[in-house]
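Here you go, one structure.
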Amino acid sequence: MILVWIIALLLIGGLLSWFAAQWNKHLAKWIALGCTVAGLILVSWLCMHYKDAAPAGSTWFIDYKTNWIPAFGIGFHLALDGLSLVLLLLTFFLGTLAVLCSWTEIKEKQGFYFFNLLWTLAGICGVFVAMDLFLFYFFWEVMLVPMYFLISIWGDTNRRYASYKFFIFTQAGGLLMLLSILALYFIHAQQTGIYSFDYFDLLHTAPEAATAKWIMMGFLIAFIIKLPVVPFHNWLPDAHSEAPTAGSLILAGLLLKTGAYGIIRFVITLFPQQAQEIAWWAMLFAAIGIIYGAFLAFAQTDLKRLIAYTSVSHMGFVLLGVFAFNEIAMQGVVLQIITHGISTGALFVMAGALKERLHTRDINQMGGLWAAMPTMGGVALVFTMASLGLPVLGNFIAEFLVLIGAFSANATLTVIATLGLIFSAFYALRMMQKVFFGPAKPVSPIKDMSAREMLMMAALTISIIVLGLFPQPVMDVVRGVVQNLVAMKK
Amino acid sequence: MTLLFYISSFVAIIATLLAITRYHPVHALLYLVASFLAAAMIFLSLGSPFIAVLEVIVYAGAIIVLFIFVVMMLNLGKDTAFREKNWLQPKIWIGPSLLVLVLLAELIVLLIKGIDAPMEITVVDPRKVSLSLFGGYIIALEMIGFLLMAGIVGAAHIGKQKAKTLHRFLQEEAT
Amino acid sequence: MNHVNAHTVLIVAAVLFVLGLIGTLTRKNVIFMLISVEVMLNAAGLAFVAAGAKWQQPDGQVMFLFILAMAAAEVSIGLALVLQIQHQNKTLDVGDLRALRDEDINE
Amino acid sequence: MNELELQALLPFMVLAAASVVVILLIAFRMSHTVIQVVGFLMACLVIFSMWYVKDTLPREVPPLFIVDGFGALFTGIIIFSMMVVGLFSYIYFEEREENPKEYYILLFLATLGAALLTISRHFISLFIALEILSVSLYALIAYLRNRNNAVEAGIKYLVLAAVSSAFLLFGMALIYMDTGSMEFTAIAQKTTSSNPSVLFLVGFGIMLVAIGFKLALVPFHFWAADVYQGAPSPVGAFIATISKIGVFAVLLRFAQTVNLQHNSLAIAVLSAIAMASMIVGNLLALRQQNIKRLVAYSSIAHFGYLMVAFLPGNAAGLEAAAFYLMAYSVTLLSVFGVITILSTRVKDAEGLAIYKGLFHTRPLLTCVLTISLLSLAGIPLTAGFVAKFFILAAGVQQQLWLPVIVLVLTSVIGLYYYLRIVTTLFSTPAPGTNNTPKTLHPFFYVSTYIALVAMTLVLCWLGVFPQALVDGIREFLLIH
Amino acid sequence: MHQYLYLIPALPLLGFLILSLAGRHLSRSVIAWVGAGSVCTAALITMGLGIGFLQTPPANGVYTQLLWNWFSVNRLSVSVSLSVDALSLIFIFIITFVGALIHIYSTAFMQNDRDYARFFASMNLFVCSMLILVMADNLVLLYLGWEGVGLCSYLLIGFWYETPANCHAANKAFFITRIGDTAMAVGLFFLFKEIGTLQIPQILIEVPQHFANGANNGTLIAILLLAGGIGKSAQLPLQTWLPDAMAGPSPVSALIHAATMVTAGVYLIARLHVLFEFSPLAMSIIAVIGALTLFMAGCSAMVQTDIKRILAYSTISQIGYMFLALGIGAWSAAIFHFFTHAFFKALLFLAAGAVIESLHHEHNIFKMGGLKNSMRTVFLTFLAGAASLAALPLVTAGFFSKDPILWYAWSAENGNAFLWLLAIAGAFITAFYSTRLMLVVFWGEMKTQITERPGKRMVLPLIILAVIAVAGGFIEWPHNLMHLTLFSEQVQKVLPAVVLKENLPSEFIFQGIAVLVTLGGVYMAYVLYYQEKVTLEKWRQSPAMLSIRNFLLHGWAFDELYDTVFVQPFLFITRINKKDIFDQLYNGIAQLNVTLSRLLSITQNGSLRWYIAGVLIGILFIITMQLL
C-alpha cells in the first residue's frame, strides 16, 4: 500500500501545486519540495526496514495487487524488491534536487511546471514498481508526456525540435514494446487459458524460440532507445541540452535508468535464453557506444551537449554489464545506474548554474572561471573526475566491477570498452580546462555558488564519495535480486 | 419480347452515349429522355410495366423537366455549348474513358464468370408491387417521406435567392 | 422464346452505368455531371428491375421506386446548389470550384 | 406489424417526430432558443424511450429492421453526439447571418438516417437511411451558402455522394441478382453454404465504394478535407462522428451477418484499404496548417485504425471498435467544440495561427484541446490510448501483423502533428492575437464549456478506468 | 606501533581536507603549519615505525592493518587495508621524509603565491595517495593510489592554470599516464580472471603454481602491468610527458616528478616481482626498455638549455637505470638507486628552484652563470647533487648505487654486453651533462642579476639533502670493497638476491672502466664548456650537428611522431563527426515523410473531377483484386 501512497503523493502534490500557483507563486515550489522530501523520507524509511518487511525466502519486500481492468486480466500490481528500492531512493533524491535547482530558474507558469515535474517523477516511480506489464507501459508513457511539456515549454531556443525528437523516438520504441507485451499476453493465454498481464504469470510463459526472439526484440528496442544505445541515441543530446536544468537532471539521472531497469527486469527475466543468444551483439554495441559517445563528447562545444554524450558513453557500461551475465558485472551495473545518475546529474546542475550566470552553454565563451568561482571549480573537478572514473568516487567502483565482470565473459569486447576510460579522460579534462582553467575571459563579475547550490552540490558530492568508499550497503540491498538474475543463466 | 429487349437496350446505349457527349445542355437532355424511354421499353420487356410507366412519367417527365427548367432559368445556351466544345478535347476525355472501359471490361469478365441463368420473363403486375410496397415495405415508404422532406427543406433553404444583403458582420469581408 | 439471359441485362446495365461514369469524369459543367449521375442511377435501377424479374419478385421494382424518389430529392438539392453556384461565381465550371484545397505550405 | 414492433421502433419514431416538431415550431415563429431547447428535450426523450424499450430487446421488425443491443448501443452514441452538436450549433449559428431554424430539421433528419442505419438489416432500409443521411447532409454542408465556400463543399459532396450511392445500388443489385434476397440473413444463408459466388463478391466490392466514401477511406477520401473545411464547424463535427458511426455500424452488421471476414479476398481488400488510409491520412496531416483539414485527415487515419479492429470480425474486434468509436467521437466532438467556441463571427477558427499561445489567453480551452489531441494520438491517461490498445489487442490476437505494424508506425508519424498543435498551443502568443471571449447568450456559453469539460473528464476517466464502459458495451452486445 | 599505521596516510589526508574546505579562510602561517606539519608528523611516525621495524621485525616481516571491508561480490572481495614490509617501508620513508623537507622548502618557495592553500592541499593529497599506493595490500587499493597521484600531478603541473601551456602540459601528463593506467587496469582484470584474487600476498603465492615458467597469459599480464609502470615512470615509449611536466612549481617537480611518483613503476614491478620472474620475456623487455630509455633520455639531456628540462631528462634516464636493474633481476640494486636518486634529484630540483627563483624565473642556463660566489650554499649543495648524479667515485651516493647496476648489467644472469654498453654510455653522458650544467650555471661571468636570495626555510632542506646525497651511499658498498650490505639485506627480506653468471672476470675491471668513463665525461664537458668554447661554436655552425642537436633537443622527436600518428587523426575524426552522422540518418527519414506528405497534398487539389477519378481508381483496384 505504501507504494500507492508514494505515487499518489506525487500525483496529488502535482495537482495541488498547479492550483496553488493560481493564487501564490511561491506556494507551488514549497508544495513540490514538500512532496519530494516527504517521499524521500518515506523511501529512506523503507530502506531502513526493508529487511523485516520481506517475507522469508523472497526477494520481494512489498507486494500490492488489486484489480484494474479485469476484462483484460489487467491488474494494478505494484511490488518492491531491492533493485526497485534503490532506484526509488535515487528517484526521490534527484527529484528533490530537481525541485531545488528549478527554484529560481523557472520564472513563468511555475504551477504547471511543478505539476509536470512531479508527474514525471510519479511516472518514473510507477515504472520502477509496476509489476503488471500493462501498468508498466502505462507509467512508461505517463512519465513521457510531462517531460515533453517540460522540454517544449521551458526548454531552450531549439526546444521544439528537441521535444518532438524525444517524444517520437521513445514513443516508437514504446509502441513496439506494447506489441510485444500483447503478443506475450496472448501466447500466455493460449498456453494456460488465463488472460493476464501480470509479470509473475508471464514469467512462466515459454513461447517457441523464433517468436520469443521477436517478442524480446520489441522489448529490447524500447529499452535501448531509452538507455540509449548507439545508434538509437540521437534523441538524447538534443533533449538533454534543450531541457531546463531540472529536466536534464531527471532525464540523465532517471529516465535513462528506466531503460536499464527495463532490460534487467523484463528482457533478461522473461527471455533468458534469447537474451544470452544476443549477448555478444549487445556487448558489441555497448563497446561501440562507449567509444562513440566519448568521441562525440570530445567534439562538442555546447557544455550540456557534451555532458549528454558522456551519458551515452557511460550507459554503454550498463549494457555491457547486463549482458555479461555474472554477479560482479550485475552489481556493477546497479552501482553504475546510481552513480551515473548522481555524477551526471551534478554536472547538469553545474551547467545550469553556469548558464544562469553566463547565459551561454558554449564552452569557448567560458574559461578561467576557477579564479571567479573556486568552490564550483572544486565541485566540478570532483564530478569531472567521477565521470572519468577516478577511484574514491562511486563511478570507479561501478565501472571497475562492470569491466572486471565483463572481462571474464568476453575479453576482447571488454578491452575495447576499457579504452573508453582513456577517451573519457580526454573529454572530461577538455571540459575542465575549457571551462575553469586557461586565461580568464573578461566577463562581468560572477558570484560563486549560492547557499542553495552549495546545499545541492554538497549532497551530491558527499553521496558520490560515500558510494565510492562504502558501496557495500547498496550491494547488500540488491544482492538477492542480482543473484536471481544471474541464476537465470542456468 | 427478347427482340424488344435487344433493340431497346441498343437504343438506350446509343442515346446515352449521345447524351453524355452533347455540348448543348438541351440536346443532351433530349437524348437523355430518349435513353430513358428506351429504358422504359427494357423494363417492359423484362415484364415490369408499372416501372416502365413510372420511368416515363417521373424520370422523363419530372426530373428531366426540372433540369430543363434550370437550364432555362440560367439560360445556358450557345456560350455554354461553346465552352464545352473547346473543353472536351480528346486529351481530356481519352484517359478517363480508357480507365472506365478497362473497368467495364473487368466487370463483364467477372459477370461472365458467374453462373449464367436464363430467366423466364413473367409479368410482375402492379398489384403485387403495391402489395409489397404497402405491406412489408410500409416503413420504407414512410422513410422515403422523410427523405423527400429533407430534400424539400434543403432545396428550399439553399435555393433561396436573398437579395445579396450580407450579414452586418460580413461587410468588411465583402468589400 | 421468351427469356433473356441475366448476364445480358446486367451487361447492358453495366454499360449504361459506365457511360454515366464517363460522363461525370469528363464533363466540366455541373449540370452535365448531374445528368450523368442520373444515368448511373438509372442503370443501377435497371439492374434491380432485372434482378427482380429474375426472381420474379416485386422487390426489385419497389427498389426502383425508391431510387426514383431518391433521385428526385437529390436532383432538387443539386439544382438548388447549381443555382447558388451560378449566382455566386457566375459559372457552372467545376474547374473554377477549387477554393477548397491544400495550399502549399513550406515550413 | 404489431405494437411490440412499433414499441421497439419507438426511439426512432420520436427522433422522426422531432423533426416534424421543429417544423411546427418554425411554423409558429418560435425563436432559435426555443427550438434549441425543445430539440434538446426531444433528444432526451429519445434517450429515455431507448431506456424504456431496452428490456424488450432484441426485437425484429421484419423485413427491414432488427432492434438489438448492437443497434441500441450505436444509436446511443449517435444521439449523444447529436445532442452535443446541437449545443455547439446554437452559439455557432446565433451569430451567423443565416436563419438557423431549418438547420435543426435537417440535423434531426440526418440523425434519423444515421440511427436507422444502425438497425437496418435490409438493403432497402440501408439504402434509404443512407440517403436520408446524405440528402440532409448536402443541405447542412451548404447551409451557410454565402460564406467560406459552403456551396462548393456542398456540390462536391453531393456529386461524389450521388456517384457513390449509384455504385452502392449497382452493387446491391448484383448481390440481389445473385442471392435473390436483399435481407442480410437470407443473403447469409445463400452464401455461407458455398464459398460466396463471384457475383456476390463483385457486388460487395462495388458497394464498398459507397461505404469507403462515407467513411472517407483511401482512395475515396478526397472529399473529406474540403468538406470539413467548407462546412460549418458543427456540421463538420456531425460528418466526422455521426454519419461515420452509422455507416460503420451497418457495415459491421452486414459483415457479421454474412461473416465476411472468413473470405480471404475481402480481408485482403479491406486490409489494403485500411493500411492505405492509415498511411495516407497521417502523411497528409503531417504538414497541414488548417486545423479543420488536419482533423479531416487524422479522421481518415483513425478510420484506418478502426478497420484494423474490423478485420478480425470476432467479439474482441467488435468491442474494440465500439470502444474506439466512443472514445473517438467524444474526442472529436470536444475538438470541434473548441473550434466552434474560438470561431469569430467573421471566420471559423481554422488557421493554426489562431491557436498560437492559446494557453496564456484561454487555459481551460487549451487543456480541453490538449487532452483531446493527446487522446487522438493515443497517449495514456486518455481514452484514446485504451481504445488504441484494444484495437492492437484485437489485431495481435488475430495475428494481423502487417496492419498492426503499419498502425504502430503510422501512429508514430501521427504523433508529430498532434504534438505540433500542442506545442503551438503552449508557445508564447503572437502579439496582437487576443481572442476575447464572446459575450452573447452567456447561458449557452456556460453550458458549452460545461459540456466540453465534462467530455474531457470523461476522456480521462475512460483512460484510467475503462472497465465500466467495457462491461457496458459487452452487456449491450450480448443482446441479440 | 603499527596500530597507528593508518595515521601515516591519514594525516596528510586530514591536512588536505582542512586546506581544501577551509583553506581560503585561513592565514598563510596556519596553512603552512597545517600543510607542512601534517607531512612532518607523518615522517616522524614513519621514523618510529622504521626503528621499530629494524629492532623487532614482525613475524612474517609485514605490518598489516585492516581498516574496513571495501566491497565484496561473490569471489571478488576487496578491503581497505594497509600493509608495510621492508620494501614499502623504504618507499614510505622516502615519501614522508623527502616530502617533509620539500614541504618545508615550499612554505617559503610559494610564499607569495595567490593559491597558497590550494598548493598545499594538492601536495598533501599527493603524499596521501602516494602513501596509499605503497602501503596498499591489494591491487585495487594500489590502483586507487595510482590514480590519485596521477590526479595530483595533473593538478600541480597545471597549478598556474592561467597560462594555457601549463594546462596543456598537465593534460598531456594525465592522458599519457592514463594510457598506461588503462593497460594496467586490463592487466588487473586479466589477473583476476586467471587467479581469482587481487590481494597482493595471495597473488605472490598463487602465481608460481598458476603460471608455468613463461606461460603466455602470465607474460601478457606482466606486460600489461608493465605498461602501467612505464606510463607512470616515463619510460620509453611513454616518456614524453615528463619534460613538459616541468611546467609545475619546482617543489612539485622535486617531489612528484623526481623523488616519488615517477618511481611508482619501479615499486609496482618490485612489488609483483614474482609475476615478472615467471616470464623471462617480460623481464628482458623491462631491461631493454630501461637501457634504451637511459641512453636516449641522457642524449636529450646533453643538449637541453632549460635547467629543469635537463633535470627532467636526467630523471628519465636515471629511472631507466632502475628499470634496467629490475630487468636483469638486480632488485635491491634498483631499489637502492631509487633510494639515492630520490635524495640527489630532489636536491637538484630544489636547488634549481632556488636558482630560478633568485634570477626571477629564468630557466635558460645560458642566461645564468657565475653564481659560484654569489650564491654559496646553493652552489655547494648543487655541486653535491650534481656529483652524486654524475656518480663521482667513492665520494657520492650515486656511485654506490649506480656502480652495482653497471656491474650486474654484465654479470647478472640475464644481463649482457649490449645492456652493459648502453649503461656505460649512459654513465658517460650523465657525467657529461651534469658537469656541463655545473659549469654553465655557476662558472663563467654573471649574465642575470640576482633579485632575492633563498631564505632559511629553503636552505635548510637543501643542506640536509646534500649531506645525504654525499653520505647516503655508505650504507651499501660493492662486494669487492669492504663488503657492507645494510640496505640490501633489508630489501632481500622481500626481494630475491641477484643471480650471477658463472666464471666472471674480476669486478674491479668493470668498476675501473666505469670510473674512467665517468671522469672522461667530466673532462670532455670541462674542455667543451670551459677551456675552449670555440669548438662548440664550430659545431654550432655545422648544419649536421645542428640538426642532431635539435633532434635531441626535442627528445628524439617523439612528440611530433605521436602528434601525427595519434593526436591529429583523433582530432580529425572527432571534428568531422561533430554532428553525429546518425542524426543525418534520422533527419533523412523525417525528410522522406515530409516529401511524401508534400506529394500527397498535391492530390488534394480541390478538383472535383480528380476526386471522382480517385473513386474510379479505387473501384478499379477492388475489381482487379477480384479478378486476380
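To keep things simple, chains are lettered A, B, C, D and E as they appear, and every chain counts its residues starting from 1.
We take it that contacts are C-beta pairs under 8 Å (C-beta built on N, C-alpha and C of every residue); 3 or more make two chains touch, one makes a residue touch a chain.
Treat the numbers as computed from the prediction; the structure is a model and nothing was measured.
Undergrad: Going only between touching chains, how few steps reach chain C from chain B?
TA: 1
Undergrad: Touching chain A and chain D alike: which chains?
TA: E
Undergrad: Across all chain pairs, which one has the most C-beta contacts?
TA: Per-pair contact counts point to B-C as the maximum.
Undergrad: Considering only mean CA positions as chain centres, point out the chain farthest from chain E.
TA: B
Undergrad: Need the central chain here, defined by C-alpha centroid distance to the all-chain C-alpha centroid.
TA: A
Undergrad: Between chain A and chain B, what is the gap in Å from one C-alpha centre to the other?
TA: The separation of the two C-alpha centroids amounts to 69 Å.
Undergrad: Just give me the whole-number Å value for how far the CA centre of chain B lies from that of chain E.
TA: Here the centre of chain E sits 101 Å away from the centre of chain B.
Undergrad: Using mean CA coordinates as chain centres, what's the gap between chain A and chain C in Å?
TA: Whole-Å distance between the two chain centres: 64.
Undergrad: Can you give the whole-Å distance between the Cα centres of chain B and chain D?
TA: Chain centroid spacing, chain B to chain D, equals 30 Å.
Undergrad: Could you tell me which residues belong to chain D and also touch two or more other chains?
TA: Within chain D, the residues that touch at least two other chains are 124, 128, 131, 135, 138-139, 142, 145-146, 151, 154-156, 159, 163, 198, 202, 225-226, 284, 287-288.
Undergrad: Which residue numbers or ranges of chain B touch two or more of the other chains?
TA: 96, 100, 103, 107, 110-111, 114, 137, 140, 144, 147, 150-151, 154-155, 158
Undergrad: Could you list the positions in chain E whose residues touch two or more of the other chains?
TA: 598, 601, 604, 606, 608, 612-613, 616-617, 619, 623, 626
Undergrad: What are all the chain pairs that meet the touch criterion?
TA: Pairs of chains that touch one another: A-D, A-E, B-C, B-D, B-E, C-D, C-E, D-E.
Undergrad: Please output the residues of chain D touching chain B within their complex, sorted ascending.
TA: 1, 9, 16, 19, 61-65, 95-97, 102, 105-106, 109-110, 112, 116, 124-125, 128-129, 131-132, 135-136, 138-140, 142-143, 145-147, 151, 154, 178, 197-199, 202, 345-346
Undergrad: Any idea which chain C residues touch chain B in the complex?
TA: 1-12, 14-16, 18-23, 25-29, 31-32, 34-36, 38-39, 42, 46, 49-50, 52-54, 56-62, 64-66, 68-77, 79-84, 86-87, 92-93
Undergrad: Enumerate the contact residues on chain C facing chain D in the complex.
TA: 6, 10, 13-14, 17, 20-21, 24, 30, 33-34, 37, 40-41, 43-45, 47-48, 50-52, 54-55, 57, 59-60, 62-63, 66-67, 70, 73-74, 77-78, 81-82, 84-85, 88, 94, 97, 99-102, 105, 107
Undergrad: Applying the document's contact rule, which stretches of chain B touch chain D when the two form their complex?
TA: 107, 110-111, 113-115, 136-140, 143-144, 146-147, 149-151, 153-158, 164, 166-170, 172-173
Undergrad: In the complex, go through chain A and note every residue touching chain D.
TA: Residue list for chain A touching chain D: 68-72, 109, 134, 137-138, 141-142, 144-145, 148-149, 152-153, 160, 163-164, 167-168, 171-172, 175-176, 178-179, 182-183, 185-186.
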